[in-house]
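In the two complexes below, chain A is the common chain; its partner is chain B in one and chain C in the other.
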Partner chain A sequence: MGVEGIGARVVRKEDRRFITGQGRYVDDVKMVGMSYAHFIRSPHAHAKVKGINSTEAMKMPGVIAVLTGQQIVDDKVGNLICGWAITSKDGSPMKMGAWPAMAPETVRFVGQAVAVVIAETKNQAKDAAEAVVVDYEELPAAADIKAAIKPGAPQLHPEAPGNIVYDWHLGDEAAVKDAFSKAANVVTLDLTNNRLVPNAMEPRAAVAHYDQAEEHYTLYTTSQNPHVARLVLSAFYNIAPEHKLRVIAPDVGGGFGSKIYIYPEEMVALWASKKVGRPVKWTGDRSEAFLTDAHGRDHVSKAEMAFDKDNKILGLRVKTHANFGAYMSLFSSAVPTYLYATLLSGQYVIPAIYAEVIGVYTNTTPVDAYRGAGRPEASYLIERMMETAARQLKVDPAELRKKNFITTFPYQTPVIMAYDIGDFHASIDAAMKAIDYAGFPARKAKAKADGKLRGIGVSCYIEACGIAPSKAVGSLGAGVGLWESAEIRVNPVGTIEVLTGSHSHGQGHETTFCQIIAERLGVPISQVSIVHGDTDKVQFGMGTYGSRSLAVGGTAIVKAMEKVEAKAKKIAAHALEASESDIVIENGEFKVTGTDKSIALPMVALAAYTAHNLPDGMEPGLKETAFYDPTNFTFPAGAYICELEVDPGTGKTSFVNFVAADDFGRLINPMIVEGQVHGGLAQGIGQALLEGAVYDDTGQLVTASFMDYTMPRADDLPSFQLSHTTTLCPGNPLGVKGCGEAGAIGASAAVINAITDAIGNNKLEMPATPDRVWHAIHG
Partner chain B sequence: MYETNYHRASSIDDAVAQFAKGTDSKFLSGGQTLLPVMKQRLAAPSDVIDVAKIKDMIGIEVSGDTVTIKAATTHYDVAQSDAVQKAIPALANLASMIGDPAVRHRGTIGGSLANNDPAADYPAAVLALGAVVKTNKRSIPAEDFFKGLFSTALEDGEMITAVSFPVPAKAGYAKFPNPASRFALTGVFVAKTKSGDVRVAATGASQSGVMRVAPIEQALKANWAASALDSVTIPASGLLADIHGSADYRANLVKVMGQRAVTAAG
Partner chain C sequence: MSTVKLTVNGKAVSVDVEDRTLLVHLLRENLNLTGTHVGCDTSQCGACVVHVDGRAVKSCTMLAGQAAGSNVTTIEGLAKGDELHPMQAAFRDNHGLQCGYCTPGMIMSAVDIVHRHGGKLDEETVRHELEGNICRCTGYHNIVKAVLDAASRMKVAQAAE
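Presenting the complex of A and B:
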């Protein structure tokens, strides 16, 4: 390992601009003649739009235009799409209603846009919006799954009778039935996975510009995947052909999945920029973020697990209702199916699994992938089930897990996934040692003497990351491939630019990716730049989500580097009059092995571009591209153990300790990995204790601000004890698995298992607020 | 935010005069409630009269058995004040728990009391300690000042200038914060006066705003000890209920926070 190579705790290059306030975000973009958009949003969860009167608004100062949903339909702008086709168990395709960017006829959730005001200033646009009169005819709303599926429920879309999008299944129903018939014990569990609001620090924003002379659009947007945005805007929304549309996602302040999607506002900004002949800026505020950013989770599940007399698992049966909100967002359909049910085997040998998933429309904000996306829901279900089972079977929860761990790899689960490698015993053993699991009963007794209820909870998660092999996801209904691209440009002076299709919005790519280059060439990372986030600069790429950037995007960089190095070696060998096979790369030099002959990288690069003395037939230049399609998912896994105390007087939970033993394969920058784990754990703990989107019966979002939606703060969290056990991923040359989502996937169950252990009552839903915990203790 | 006219008042008289000139004026002190509400377009004062820089409105004085805190004194200054920490440590402690550091450096005691948020901390101290709210027109006993949610005895154009607290024999405050807002889900201030009377006030709990808690007062009069409240039952009727706490949970918190306040008071 070099000082800046793989495994080095290099300080993040990008932090200089972030912590000195010099990041450049979408709202920092200013254009000559720029106008401002303000959306008029439905105050009702379900209503007919009978009319929109903008006569008075158009007379107000600074108003340029008031544009409505009907106009966007008239201009033949396409509806929003869902990019993953799911087939119901009866063979029918999923049933979707149309999602126009602004509602021309019917609004189906509070906050859905019906019109937009474009004005000279933001305040003028807001003033005028108040003067637009929208005539709504209120309709009854279905605000949650239960309300949406009951007989006589209000219907959202005529295309989806009973508000059912699909009724899908996975696994072998007969084998599971057989397993349960042989069971010595059956454990059942009903649970809810609470709805979350992503709340990236930077709200969504867009600046759109139409160049009339060139018939060309530019869109600055808060996106995790600018190329995918361009593709969708072009191919499905008919905004412009791809070569006439440039999408730039500059510095982006967090995404967590919520910025994967191409939302109505960004699309309307583009359309409006041509309509009014002016650049249009829209910057969402926090209230708009609460109401319109795709929410996460929201499952209601029933699970049953069958055990034999030796406490070995025989089978698992799961029935889940997933809330999609009012419309099917871009990847929403895949989240509770192929990202959820395929992980229901957890870390365990479960011979038979059968999962049914019913997707449901409700009059709420659309739901889509949010940090973990399906995998937290699966992990929470399995790990609460294992804890519940251990208590019912009267065995130690860690021992029950160990007894059922998968220990041989590769391992084919009954639910599609084939785990390539792992060592689950190593993770749990490391976590148990770190927290002194054996000493817990004594600590619990001491806490009891002090009037506190102490509990310990284990969670052993596994996730499928490195998303994803294109052929595999294509066969399951995905509308896109999930490969990644990289281009390496070695400049004539030997500096290096890496153009990646991955997008960094907090992940530290500008450092980690440089370390890969530093490791291979022995050059300092200051000599390397990462270029991303601009469709005019970077070749097509698929973007960042699903813990894929390093395993897929990083591997594309390695593949491109291999081509660069092969050519550079030829040039070096030619210059040094040596055999190509004798050339080795060390400390930024190409050396003839076993001699003192060498040529530095800048000289090789210069030779490539002067082309005065290249091997016969060689093209000038030193620039290579690679597209890498993974052969499998990667499978990060680990064990989290949480020890906490509950105050019986108030129901308040206080952490004593939280240990994490993760297996992410090889770590490129352990400091960045730790940061990712800390953030993920904060979100997982946030889901367990603090966060929950609450709608009232009429579909109003009660938790529509930070006054009522509890975002985790530093003092809500313990100081984490992290450690790593390592099995190298065999599927990619870096041996990496991905670390971005692990904390959010594994933490929730550890916390709830610890609280239910402390209070001796398993009936507890997330978020386990003091009020809920107190009631669970006192009835 | 709607457009408004901003005035920085140079004196109390100037503030009152400026207020009278506007058609729908509002006094602005620390702005920790008014400004967010204005930004959300939920308030549209014609004129905003900033009183936070008036010299006569800032500072803490101790005279005999009375601590007087001028209205534009920040929570941070109250929390840090040696005089308050010595005379009424529970009051300094309460101020140290309001909001976060940014709020405490801007927010003021007068602004908090004039707003009378049902989950604010100061009203509990003012009511339990039997303080007197002084305005540009008169002195209002705590008993008569609080009139329900976001409502006070202040008349239009009347401005709090100071609050006088009698120094108690013992006092303590215990707060259970709302997990999201960190306002008091329930906060209880207990005080034993130098004449031996016991006064207890709870904030965050009641549908009518800050309230005296008679069952706790009676129990503590008989026996000033946390254990004296073990058998006390607080009725849940009339208490607030929301996603953060049901009425019966808040009733429990009134009791438990009462016990912890007594323990803190010593």
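Presenting the complex of A and C:
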């Protein structure tokens, strides 16, 4: 390991611009002649749009246009799409209603746009929006799963009778039935996985420009995957062909999944920029983010687990209702199916699993992938089940887990996934040691003497990252391949540009990817640039989500680098009059093994570009590209243990300790990895204790601001104690697995298991607010 | 419209703004100081914190006109040329930022926290004092470390002066 190579805690290259206020986010972009968009949104959860009168608004100062949903339909702009086709258990395709960018006829959630005002200034657009009169005819709304599936419920889309999108299943129902018939004990559990609002700190924004001379569009947008945005805007929304559309995602202030999707506002900004002949900027405010960014989670599940007399698991049966909101967002259909049920084996040998998932429309904001996406829901279910089972079977929860751990790899689960490698005993042992698990009873007794209820909770998660082998996801209904691309340009002076299809919105790619180059080519990271987020610069990319940037995007970089090295070796061998097979690369020098002859990388690069003395037939230049498609998912796993105290008088929870032992395979930059875990843990703990989107019966979002939705703040969280165990991923040359989502996947079960342990009552839903905890204690 | 005269990062400026303009919008839209961010619409997130006459202020809670005659420092004015403020350096060295969006407000608040507590800070106090700044990326762990680190750097720097 060099000082800047793989495994080094290198401070981030990108930080200087952020700490000095020089970051460039979408709302910082200004264009000559720029106008401003403000959307008019439905105040009703379900209503007919009878008419829109903009006469008075058009007379107001600075107003350029008021554009409506009907106009976007008339211009044949396509409806929003869902990119993953799921087939119900009866063989029928999923049933979806149309989602127009602005509603021409019917609104189905509070906040859905019906029109947009374009004006000279943002305030003028807002003022004029007040003067637009929309005539709504209110319809009854179904605000949650229960209300949507009961007989006589309001129907959202004629295409989806009973508001059911699909009724899907996975696994072997007969084998599970057989397992339960042989069970010595059966443990049952009803769970709600609460709806969350992603709340990246930067609200979504778009700046769109149409160049009439070139018939070419440019869109600056807050995107995790600008190439996918261009593809969808082009192929499905008919905005412009791909070669006439440039999408730029500059610095992006967090994503967590919510910036994967191509939303109505970005589409409308592009469409409107041509319509009004001016650049159009839209910057969402936080209230719009709450109402329109895709929410996460929102499952209601019933689970049953069968055990034999030795407490070995025989089978698992799960029935889940998943709330999709009012429309099917881009990857929504995959989240409660192939990203959820496929992880229901957890870290355990479970011979038979059967899962049913019913996807439901409701009059709420659309739901899609949010940090973890399906895997937190699976992990929460399994890990609460293991804890519940341990209490029912009167055995130690850690011991019950250990008894049932998978210990041989590769391991084929009954639910598609084939785990390639892992060591679950190593991670739970590390976590138990870190928290002094053995000493807990004494600490609990001491806390009791002080009037506090102390609890400890374990959570052993596994997830599937590095999404994903294209062939595999294609066979399961995905509309896209999930490879990644990279290009490496060694310039004539030996500096290097790496163009990647991954996108950093906080992950630190500008540092981590440089470290991979530094390790292999011996180039200081100051001489390497990472280029990303611009469809005019980067050849293509599938973007960043599902903890895939390093395992997939990083491997694409390695593959391109191998090609660069191969060509550079040929050039070096030619220059040094040696055999190519005798050339080795050490610290940026191409050496003839066993001699003192060498040539530095910049000289090789210069030779490649002067082309005065290249091997016969070799093309000049030193630039290579690679597309990498993974052969399997990666499987990060780990153990989290939370120790906390509950004040029985107030129901308030206080952390004593939170330990995490993760196995992410090889770490490129441990400092960045730790930061990813911290952030994930905060979101998992936020879900467990603080966060929850609440709708009233009429479909109004009651928690639509930071005044009402409890974001984790510094004094809500503990400092974390992290450690790592390592099994190298055999599926990629770096041996890496992915670390972006682990914390959010594993943390919530550890917290709830600890609270229920403390209070001696297993009936507790998230978020476990003091009010809920107090009632769980006192009835 | 009104003309507002104030000093921003050491420079006297005079700006014509609508009376309803907030200080944050004067900074971002009129002066192009886009390091100060807007993360919410309820004065909760703290992404817009700047210093007004040496005190940390959420610049979305103040009309531009109220800042007339004031001395405003934004994140762009914190470093001395190429030399980072100890708080900026501590955020970088402790990995106290990820996406960078909350960072300017976080740093400006943190400088004020250290000033007010005279370098006598512990983790609990830092966490309590950061209540008005929301970060979605870091889980605050490394932000807290950075503030404590900067507090000792600032103490050393003060002693050296």
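Convention: the second predicted complex is superposed on the first by the 779 of 779 C-alpha atoms of A that agree within 3 Å, B and C clash if a C-alpha of one lies under 4 Å from a C-alpha of the other, contacts with A are read in each partner's own complex, and residues count from 1 in each chain.
The definition used in the following text is that a contact is a pair of C-beta atoms (placed from the backbone, for glycine too) under 8 Å apart; a residue touches a chain by one contact, two chains touch by 3 or more.
Note that the structure is predicted; figures quoted are calculated from it, not measured.
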| task | Tell me which of chain B and chain C touches more residues of chain A. | result | C
| query | Who does A:V694 touch here: chain B (first), chain C (second), both, or neither? | reply | first
| field | Touched partner set for A:K89, first chain B, second chain C, both or neither | value | neither
| task | Report for A:H425: first if it touches chain B alone, second if chain C alone, otherwise both or neither. | result | neither
| task | Applying the touch criterion given at the start, work out whether A:K146 contacts chain B, chain C, both or neither, answering first, second, both or neither. | result | neither
| request: Considering only the touch criterion stated at the top, classify A:K402 as touching first (chain B), second (chain C), both, or neither. | output: neither
| Between chain B (first) and chain C (second), which does A:M707 come into contact with in this model arrangement: first, second, both, or neither? | both
| Thinking of the overlay built on chain A, is A:M201 touched by chain B (first), by chain C (second), by both, or by neither? | second
| request: Please work out whether A:K177 is in contact with chain B alone, chain C alone, both, or neither, and reply first, second, both or neither. | output: neither
| Residues on chain A in contact with chain B in one complex and with chain C in the other? | 123, 287, 706-707, 711
| field | Partner chain A, residues of chain B touching it in the complex | value | 1-3, 40-41, 176, 179-181, 243-246, 249, 252-253, 256, 259
| Can you list the chain A residues touching chain B in their complex? | 123, 126-127, 287, 649-652, 690, 694, 702-703, 706-711, 716, 769-771, 774-775, 778
| query | Tell me, which parts of chain C touch chain A in their complex? | reply | 18, 20, 28, 32-42, 44-45, 47, 74-76, 78-79, 84, 88, 91-93, 95, 97-104, 107, 123-124, 126-128, 130-131, 133-144
| message | Applying the document's contact rule, which stretches of chain A touch chain C when the two form their complex? | response | 11-12, 14-25, 27-28, 30, 123, 199-203, 251-254, 256, 285-287, 505-508, 671-672, 674-675, 678-683, 705-707, 711-715, 717, 719-720, 743
